[in-house]
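Lettered A, B, C, D, E, F, G, H, I and J in written order, each chain numbered from 1.
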Amino acid sequence: MLRRGEQPAKRLETFPNHHPGRDYVITLRTEEFTCVCPVTGQPDFARLIIQYIPDRKIVESKSLKLYLWSFRNQGIFHEHAANTVLDKLVKILAPRWCKVTADFAARGGISITVEAEHGKRNG
Amino acid sequence: MLRRGEQPAKRLETFPNHHPGRDYVITLRTEEFTCVCPVTGQPDFARLIIQYIPDRKIVESKSLKLYLWSFRNQGIFHEHAANTVLDKLVKILAPRWCKVTADFAARGGISITVEAEHGKRNG
Amino acid sequence: MLRRGEQPAKRLETFPNHHPGRDYVITLRTEEFTCVCPVTGQPDFARLIIQYIPDRKIVESKSLKLYLWSFRNQGIFHEHAANTVLDKLVKILAPRWCKVTADFAARGGISITVEAEHGKRNG
Amino acid sequence: MLRRGEQPAKRLETFPNHHPGRDYVITLRTEEFTCVCPVTGQPDFARLIIQYIPDRKIVESKSLKLYLWSFRNQGIFHEHAANTVLDKLVKILAPRWCKVTADFAARGGISITVEAEHGKRNG
Amino acid sequence: MLRRGEQPAKRLETFPNHHPGRDYVITLRTEEFTCVCPVTGQPDFARLIIQYIPDRKIVESKSLKLYLWSFRNQGIFHEHAANTVLDKLVKILAPRWCKVTADFAARGGISITVEAEHGKRNG
Amino acid sequence: MLRRGEQPAKRLETFPNHHPGRDYVITLRTEEFTCVCPVTGQPDFARLIIQYIPDRKIVESKSLKLYLWSFRNQGIFHEHAANTVLDKLVKILAPRWCKVTADFAARGGISITVEAEHGKRNG
Amino acid sequence: MLRRGEQPAKRLETFPNHHPGRDYVITLRTEEFTCVCPVTGQPDFARLIIQYIPDRKIVESKSLKLYLWSFRNQGIFHEHAANTVLDKLVKILAPRWCKVTADFAARGGISITVEAEHGKRNG
Amino acid sequence: MLRRGEQPAKRLETFPNHHPGRDYVITLRTEEFTCVCPVTGQPDFARLIIQYIPDRKIVESKSLKLYLWSFRNQGIFHEHAANTVLDKLVKILAPRWCKVTADFAARGGISITVEAEHGKRNG
Amino acid sequence: MLRRGEQPAKRLETFPNHHPGRDYVITLRTEEFTCVCPVTGQPDFARLIIQYIPDRKIVESKSLKLYLWSFRNQGIFHEHAANTVLDKLVKILAPRWCKVTADFAARGGISITVEAEHGKRNG
Amino acid sequence: MLRRGEQPAKRLETFPNHHPGRDYVITLRTEEFTCVCPVTGQPDFARLIIQYIPDRKIVESKSLKLYLWSFRNQGIFHEHAANTVLDKLVKILAPRWCKVTADFAARGGISITVEAEHGKRNG
């Protein structure tokens, strides 16, 4: 949760993984991702699920919240949002595996889910 | 849905009720209401339910979408958000009855729902 | 189900109520109501629920299906669709009580439900 | 459950109510009611719910099963099935209150529920 | 959502995939697919799910809505509807993998789901 | 939970109500009630719900568990089980209001729920 | 749906598969399968799911409805019902793969599901 | 959420109600209430629901979190927990109506829910 | 269902498999398994699921009911109950594959599920 | 359940596996795991699922309850909690396979699930 003065930010912080000898899966899930349609400027809403097997770093959850908040007034297509978050996590965490799922609410009666993956979960 | 150039707005538009001789209930529901905490500045998310018995006017749904969008970057307490939306609808529609329910997502493990009503549904 | 040659129709058929001495409730429900937005021309979809206490007549269900089908390419506002179906049933059946609920799928993130009633269920 | 040789039957058996000094509600529920459409001859399927406040008699559940089985190959309209079962129970049990709900599976996309009641639950 | 003057159309539009170096899955889902039975002329209703791994093109969602709308008054068998949509997407997008699932509402107590796939998801 | 040597028992223990100045509702619920059919000797299973407004006494929950356990090998009709538990609680607790609901699993495709009440909840 | 004069029948009709170049899966599902216990004569009820990959033929759904109806008064064990329907479909359709699942309602507190398969789905 | 150095506390803070002219209902809900059994010392877990119609004061939600946290290592009977929270809120807020529901997880197969109310919701 | 005089029994009866040329799966499921804790003597409750591919024999369901009833007053650990039922079925049926799942209700807030398997489902 | 004087403890007790010749899976599940955030000191809540294939030892469930209780006032990160429980079980049981899943309630709108595994389930 935020203290007064905290701001949305594109920077993710990490802390060391204490169990690097074991492949284990961390899943972060929020119902509260929102961004803006780059064509119409209207708000979009998604459930976002981030899953990864850490190598040496674990993402710090408060910085993740500020990072996801940074999309609030940003124009981005559904298909790119999931890939952008994945690219960021791969760059910061260098995880053994990572998958981002963005499940957007329906527009015009059609909903869009995008699932992007880096590496293989079993391998 | 928005056309390019549409903007969030505090103004609600109406059209005439073609069945004023009958008390009937209109329910508008969205999972996509978001505003900002006036203390911490962080985003809040709610399911919003608007119910009313129209008298002479019905709220136009696109203007309602723009009106709800106008809260996106506005700081407002949970308890006041429902009352503010209700006050607005009562002023614009002069409905025979109106109820607004705002069901906010949990913060610190506690969720808050606010239900505010104008007039009586039966009578 | 339709035989070849059946067509959507605005005419409802009835058969006599064999239990007029008792107030009982008949509920007809479909997930397959569709009409067209009178402004944009685009399709709308609704769950429709019809409830009534018959007096001397019961609506024949195949004719009801053809009647609901007749809205498929008709332009009509959400708020009027429920009232129009209610008016029709009241005229044809002269029921002791009747209620029509039309629960339309979301457009622009907002769904609309309209509940219109004729008479009182207990009285 | 049936022993070999048991048959569907229109006769209901009862046993005495041991608690006639108290109004209490018995609910019998089955997902396995089936009868035949009197027009087309095709099978219909319903969930059937029987509720009553006994006076001096309680319906014996095995005889109820045989009674409901007796509709299996009988042609009857949805609206009449519920009323017929209610009439039978009222005649046999003389209950303080009784309600029969028959919730038929959809035909042509429309499902029909019939709720018939004898007496008042609170009175 | 549609602007005045938009029409159902058989033409799908695309935009370039910005992440062609990664296999990722896009899922489009609607509860609002309707077409007409080619034998009886009556309306059919389905949930339609489109999934694909894009190569160089992504389908533009508004054109998809207009394309699905184009089936509204078209006679087509359940088994062919899913294959026809799949064929169209394969032709327009040349995706690495594509699957179309059409889940039709029950007729005569029997529902039909058709799942057609082009290529292999893992390969 | 039981200590070694604990036994099913027909005796209920109580402790004093510390808030007798306020009407409040206590609900006890178990999915684990089982008794035996007095006719066939076979096991029956029910969800049992006990609700009451205490006057001067509250039932001690471990003794309630032992009491409900005492029905495990006892032959009793569905209709009488709920009334028997209610009679016992009324005698021991002298509550301002009490209701017992026994919801028995289906036999021969028919399930039975019995709801017995002592006094009025609001009054 | 049935026209007057239609009868249950053991004969299944087919129409040609227009997409024989593609392996795709058709699923037919009904909650309305009923037959009779060959030992006690009592009715049994099941959810029936038929899945297949067509080769040259597709089963015509109305004839399937009449075929399933033909079990209504036939004595057959749960374990044999699924296998009998599967054998019939394999004989008539010569499908690339076929699976029949029959999920029977509980008797004596035990439900039985039978899953029988012909060929391999992926192969 | 807590800042470093925050502690569980028995003190509730309030802020003024800006809509005292209207009776409206605020519902606070948490799945994370835990206390300790006063007899065995073992942990108990409950869903806690607080509902009230404010008069001049609204409870500040962070202080409510600290207050509920203060029960974490406190021994208290299920029946008293709900009443104690209600007494506290009535004392601090002087609300027009207030209800506390504590829904404790099962022990020995029996769950306990306690609903305590101050004043009447309608009047 | 039981006739008068039937008793719980450790003996399972079988009948011949009429489709030995096909590997198919039979699933038997009950929510009504109960036994006794060997340490405390208190009742335990489980959902029991039996799945097998028959070779030459199918278990007769009434004898299975009597067999499961035989655990009602028997002391047995959760971990051993599933294995004991599996051993019995393997011995009596010599199935191609068999799996028993026992899903016991929570004690002290912890539930236990045991899944024991004989042979491989595919092979 | 606890007897007076029982305390949270880091020591797990075991009893011998009576079916070491068979690989079978034991699943222990609780909704009642709570620990403390090491940064803020505030309580965290999780659903904890422990699954293992025993070799020679089975964990005694009462000692497991006392062990999980021992985290109640211990500061530990979400990511480490699952690994710590897994390490402990592996050390005490030397299981053929073990997996621990900790599914923590949302903080700041983001929930975290950690799944840690020792060995392979099939192998």
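Heads up, the rule we're going with is that a residue touches a chain if its C-beta (ideal position, glycine included) is under 8 Å from a C-beta of that chain, and two chains touch if they have at least 3 such contacts.
Here the structure is a predicted model, which is why all the values come from computation and not from measurement.
J.: Quick one: how many steps at least from subunit C to subunit D, stepping chain to touching chain?
T.: Tracing touching chains, the least step count from subunit C to subunit D comes to 1.
J.: Counting a repeat as over half of the contact pairs in common, which of D-E, G-I or B-J repeats C-D?
T.: Going through D-E, G-I or B-J one by one, only G-I repeats the C-D interface.
J.: F-H versus B-J: which interface comes out with more C-beta contact pairs?
T.: F-H
J.: Hey, how far is the Cα centre of subunit E from the one of subunit G, in Å?
T.: The answer is 28 Å.
J.: For subunit B and subunit D, let me know how many angstrom lie between their CA-based centres, rounded off.
T.: 45
J.: Centroid from C-alpha atoms only, then distance subunit H to subunit J, rounded to Å. What do you get?
T.: The mean C-alpha positions of subunit H and subunit J differ by 30 Å.
J.: Would you mind listing the residues of subunit I that make contact with two or more other chains?
T.: 1-3, 31-32, 45, 105-109
J.: Touching subunit H in the complex: which residues of subunit I?
T.: Answer in residue numbers: 45, 105-109.
J.: Taking the complex as given, what residues does subunit C use to touch subunit E?
T.: Subunit C reaches subunit E through residues 1-4, 6-7, 31-32, 34, 37, 39-43, 45, 69, 72-73, 105, 107-108.
J.: Enumerate the contact residues on subunit E facing subunit G in the complex.
T.: 79-80, 82-83, 106-118
J.: What residues on subunit I touch subunit G, complex-wise?
T.: Interface residues on the subunit I side: 1-2, 17-19, 22-32, 54, 58, 61-62, 64-65, 68.
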